[in-house]
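Before any comments, here is the structure.
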Amino acid sequence: REVEGAFREARSDPGFRERLETLLALHVGRPTPLTPAPRLSAELGVTLLLKREDLTHTGSHKINNVLGQALLATRMGRTRLIAETGAGMHGVAVATGAALLGLRATVFMGERDVERQALNVFRMRMLGAEVVTVGAGSRTLKDATSEAMRHWVSATEEAYYCVGSVVGPTPYPWMVREFQRVIGDEARGQCAGALASAVPDYVVACVGGGSNAAGTFAGFVDTAARLVGVEAEGGAGASRGRLGVLHGFRSLFLQDEHGQITEAHSIAAGLDYPGVGPEHAYLRDLGRARYVTVSDEEVVGAAVRLARTEGIVPALESAHAIAWVIRAAVAGELPPGATVLITLSGRGDKDMSTLKELV
Amino acid sequence: REVEGAFREARSDPGFRERLETLLALHVGRPTPLTPAPRLSAELGVTLLLKREDLTHTGSHKINNVLGQALLATRMGRTRLIAETGAGMHGVAVATGAALLGLRATVFMGERDVERQALNVFRMRMLGAEVVTVGAGSRTLKDATSEAMRHWVSATEEAYYCVGSVVGPTPYPWMVREFQRVIGDEARGQCAGALASAVPDYVVACVGGGSNAAGTFAGFVDTAARLVGVEAEGGAGASRGRLGVLHGFRSLFLQDEHGQITEAHSIAAGLDYPGVGPEHAYLRDLGRARYVTVSDEEVVGAAVRLARTEGIVPALESAHAIAWVIRAAVAGELPPGATVLITLSGRGDKDMSTLKELV
Amino acid sequence: MSLERRLRDRGRKLLMPYVTGGITDDWTGYLRSFAAAGADAIELGLPFSDPTLDGATIQEASDAALARGATAHGILAEIDGLGLDVPLVASTYYNLVLRDGTSAFCAALRQAGIAGLIVPDLPLEEAGELAEAAAATGIDLVLLASPSTPSPRLYEIARRSRGFVYAVSRMGTTGERAALAESAGALAERIKQVGDLPVLLGFGISTPEQAVEAARRADGVVVGAAIMRRILDGAGPDDVGTYVTALRRALDQESDERR
Amino acid sequence: MSLERRLRDRGRKLLMPYVTGGITDDWTGYLRSFAAAGADAIELGLPFSDPTLDGATIQEASDAALARGATAHGILAEIDGLGLDVPLVASTYYNLVLRDGTSAFCAALRQAGIAGLIVPDLPLEEAGELAEAAAATGIDLVLLASPSTPSPRLYEIARRSRGFVYAVSRMGTTGERAALAESAGALAERIKQVGDLPVLLGFGISTPEQAVEAARRADGVVVGAAIMRRILDGAGPDDVGTYVTALRRALDQESDERR
């Protein structure tokens, strides 16, 4: 509640917005380019444009949101950030934002993710953050989130809980989307320059909790572009979830017949979350966005293909979006010559050891 | 020789320059920001500005030069790039440039570096490049260079040798500097906006072969800024080398009393080269630039300090520049309030496993 | 008779032990031993996969019960007709309530003879629907308060809670116990100032001394994790009964001394 | 008598075996066995840490010699007064020449009785200073050509080389030997068209048949890596002498047959 008031105030304070914009320009490297993908486009018979969040400082779109919330925390007089992380990208972003603004940071991470993403764990520690390993449950993002919430409840006065996606209680889903809409807003302007049609036919982004998709879609929701969110087969909250409540918000969650939340499984640690942000549930119900799934195999193939044709190794999360576009183009679902904007939410460096075992 | 002619021609062809500029803007993410470092500046009592080559696609300045040469290779009708790499950043850049332009790539890398930088090796392979492990000699950059040259001699018609630093025979040192001067030119313009004095008092960059330093210095050589190249204690070609000839160029090299080239040792694989580009030898002789060394210990300390104060984990190569500035500021060698431009040549992700053992 | 009435009628410091339903094959034995040991009410956890607002021990117990195949309806079926004379208060997470729908869920509780319901992850703002369904079914919906709850909200909680107010504090990291007891005591007093329901305090109480201390400024205590730790470590109904008896005695003794 | 003269006077296909100086304690034994086996000249490698333009075997041999403590001056001292009647041609990299200075280096070679000098990493454009110093000291500076050398440059090389022209080709990857022999042969003919120095061909020749084939269109062959491989594997002067003798016989036989 306190966060909501503070965010409303900050949003209408030009000083706050200016400070955030300066941080995004000078520290994060915004605007990120909109990169054409001529070789893959030619192979698929469509025109692909890639929004390059992988080029941001720390290597994923997570930093956009984190700097916004970290500035807000400072404004609220908090001295510490608490966060959960899955793939570790949000955690690295939090550690980075904390270092930059002189705050302390405590990041909770499931034991399995700590193993899978050992380098990100070390990056966080290099940046001065405390990383807490969570051994409970499935030892992934879901459990890290539970543990982080438990911890935060005991330290609400000094600490600010920095949610990494468009999930959690009000105002987080809304606030995180607002901090991420810079992706969609920039892309909208860049598409206007790059495409004769000004707006692409398709706007595609991967969906775990769904923050890069929410930020991207925000820029195009008022256009004719078809919005497509691509989920992991084993973590398809929007595609296969049922209405439920977890971690303080009501949305679509993977659950069994008894209402127990089931574990998500994806090759991409950042998509290992059984739910999806409430806005995606809403966009799905409205029919404004469509949610589809791709398999781990398609994802690895897509990552390799983008690397070999365009010299870009995407994060496995982002490769989900590529994988669906490849499948849809090959299946003729995308009309020849269709223009497609894909958000590359992050870079693949963190996934090298996973890929090494598979390729 | 053929390369020299082709480069002269390309340089004066507006079409070539435009294609390169477009690649740098849309694929690499140029211009890179000039980031203030307020917390570290306050601690040191000077004003630091960081030129963020770590934010480029592939994570280091190497890509600036590679795209230039790869375009040149295409122009010359070559279908393949051959290169040597030390830390693997040049190799990754070559693999990336090759994928982007549809060329094949063969990258030679010393066996020790292949072990130290296993993830970069896999990145190159993901991008479709062939990586050849060199087991001869000290099994580092020097030997990879020798082996790459041997290989290239046997394939001169189809292959273009893509040198990664301001070294090698004419026209490479000059050409690579010209492709890297985008760093210095951008920084010059950005400093003019960021500093009351328009030009910083000091311009500092790390030096292995010396390409990021050459590119940075190129933007400031005609100003009053003091130019400082920072070398590894164990790889101090410019500071401790003697005139010699290796790999087709005459410059300063570490060598023993008999004229045998000695091995360079540095915690940063990219500085593990016993020589330095001829331009640095020249700038040193002129007294226009100064070359200093820092120890591996200072470098690790500097990397951690920048991470904790500014949220940026620099490549160990780049941390050499930070380390010298810290030492000079603490020792009072930099006057209080001095303005210092530091080029961050790359990001530290590749060094995490090295740092993990040390921090 | 309402839950509030039944608690008030005890005329002593209240003791509400907790057990995770379905934790062992003979888990209902724990209910019996609690009753025999002098429990004034029993909190019955219907296990949920993600008990975010509980600690690691309850998480472990929930995981273990679910792994055994426990379900909310199975647990309710097992207590149906158990004939305990101590009121049972179910506690679970909102997702399980939603699964059935609020009315159906409350009806199932009622059918099994449950008196009250605790849903820690249900925010006050969204409690309306469930509160109505509970009231309509005759289930007392118990609301929770914590030391960080601001006063206007505390007033609202005290006003809308039924049966009792559950005062929780999970700042339960080692070494801070004294400060905790203080803030929990202060919380109990704040709640009592704004309403007149009994206030039960739960903040990781594990020894009789802690129970006594907590009960000084509240109407009673909840003991959960300490019991589940024992059960997870293999303690049967008798062993746990002995432990609850010790808590009971300490609370009663303290009351006698004060008189 | 000039190196060119001495080679021409042999009146047969020329054979120049190579050895890395200082490769073993008794390495000068290899020089003697080469002479006894009918070498027309001997290429003596002064080991350099980074023999960029040689293959992996020569790199290995150079590393081994340096690890034993070999130095250019030590090697020259060992051959001084050895009294071989076969001309010695030193080969090394430019950094070692620079170390002493061109004049001092050439003088040291001369002092040790060396007839010629090969510096593979010295580009034609920068050969002037060394060529002058060599000429002044009486050392023949042998220049190199390769299949990719363009014709105008080949002319320049043929004109400025002394003693002979060293035609090299290192496109020596397995399976391409036939194409290699062809391009090397064509190179030898191109050189002979633009000048009249003897042309020796070196491109990874290891069997007598290859030597014969190479010598068909050139004046002779250099055998380096094949010899050093044997030495690195433990072959002594006698073993290597037997091998060189076999090469010699094959070359002579071929000449006889052609007559």
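Details
The chains carry the letters A, B, C and D, assigned in the order they are written, with residues numbered from 1 in each.
Just so we're on the same page, a residue touches a chain if its C-beta (ideal position, glycine included) is under 8 Å from a C-beta of that chain, and two chains touch if they have at least 3 such contacts.
Per UniProt, the chains are C, D = Tryptophan synthase alpha chain.
Computed from a prediction, not measured in an experiment: that's the story for all the values here.
Upon removal of chain B from consideration, the remaining chains are partitioned by touching into the following groups: A, C | D. Chain centres were defined as the mean of their Cα atoms; on that basis the chain farthest from chain A turns out to be D. Chain A and chain D have centres, each the mean of its CA atoms, that are 64 Å apart. Distance from the chain A centre to the chain B centre is 32 Å, each centre being the mean of its Cα atoms. In this assembly, the C-alpha centroid of chain B lies 38 Å from the C-alpha centroid of chain D. Residue positions of chain B touching 2 or more other chains: none.
Within chain C, contacts with two or more other chains are made by no residue at all. Viewed as a contact network, the protein chains form an open path, each link joining two chains that touch.
By the definition of touch given earlier, these chain pairs are in contact: A-B, A-C, B-D. The residues of chain A lying in touch with chain C in their complex are 136-137, 142-143, 145-146, 149-150, 153-157, 169, 243-248, 253, 255, 258-262. Of all residues in chain B, only 25-27, 29, 32-36, 39, 52, 54-57, 59, 95-100, 102, 119, 122-123, 125-128, 303-304, 307-313, 348-349, 352-353, 355-356, 359 touch chain A in the complex they form. Note for the complex: chain D touches chain B at residues 48-56, 59-60, 63, 66, 71-73, 93-96, 98-100, 121, 123, 146, 148, 170-173.
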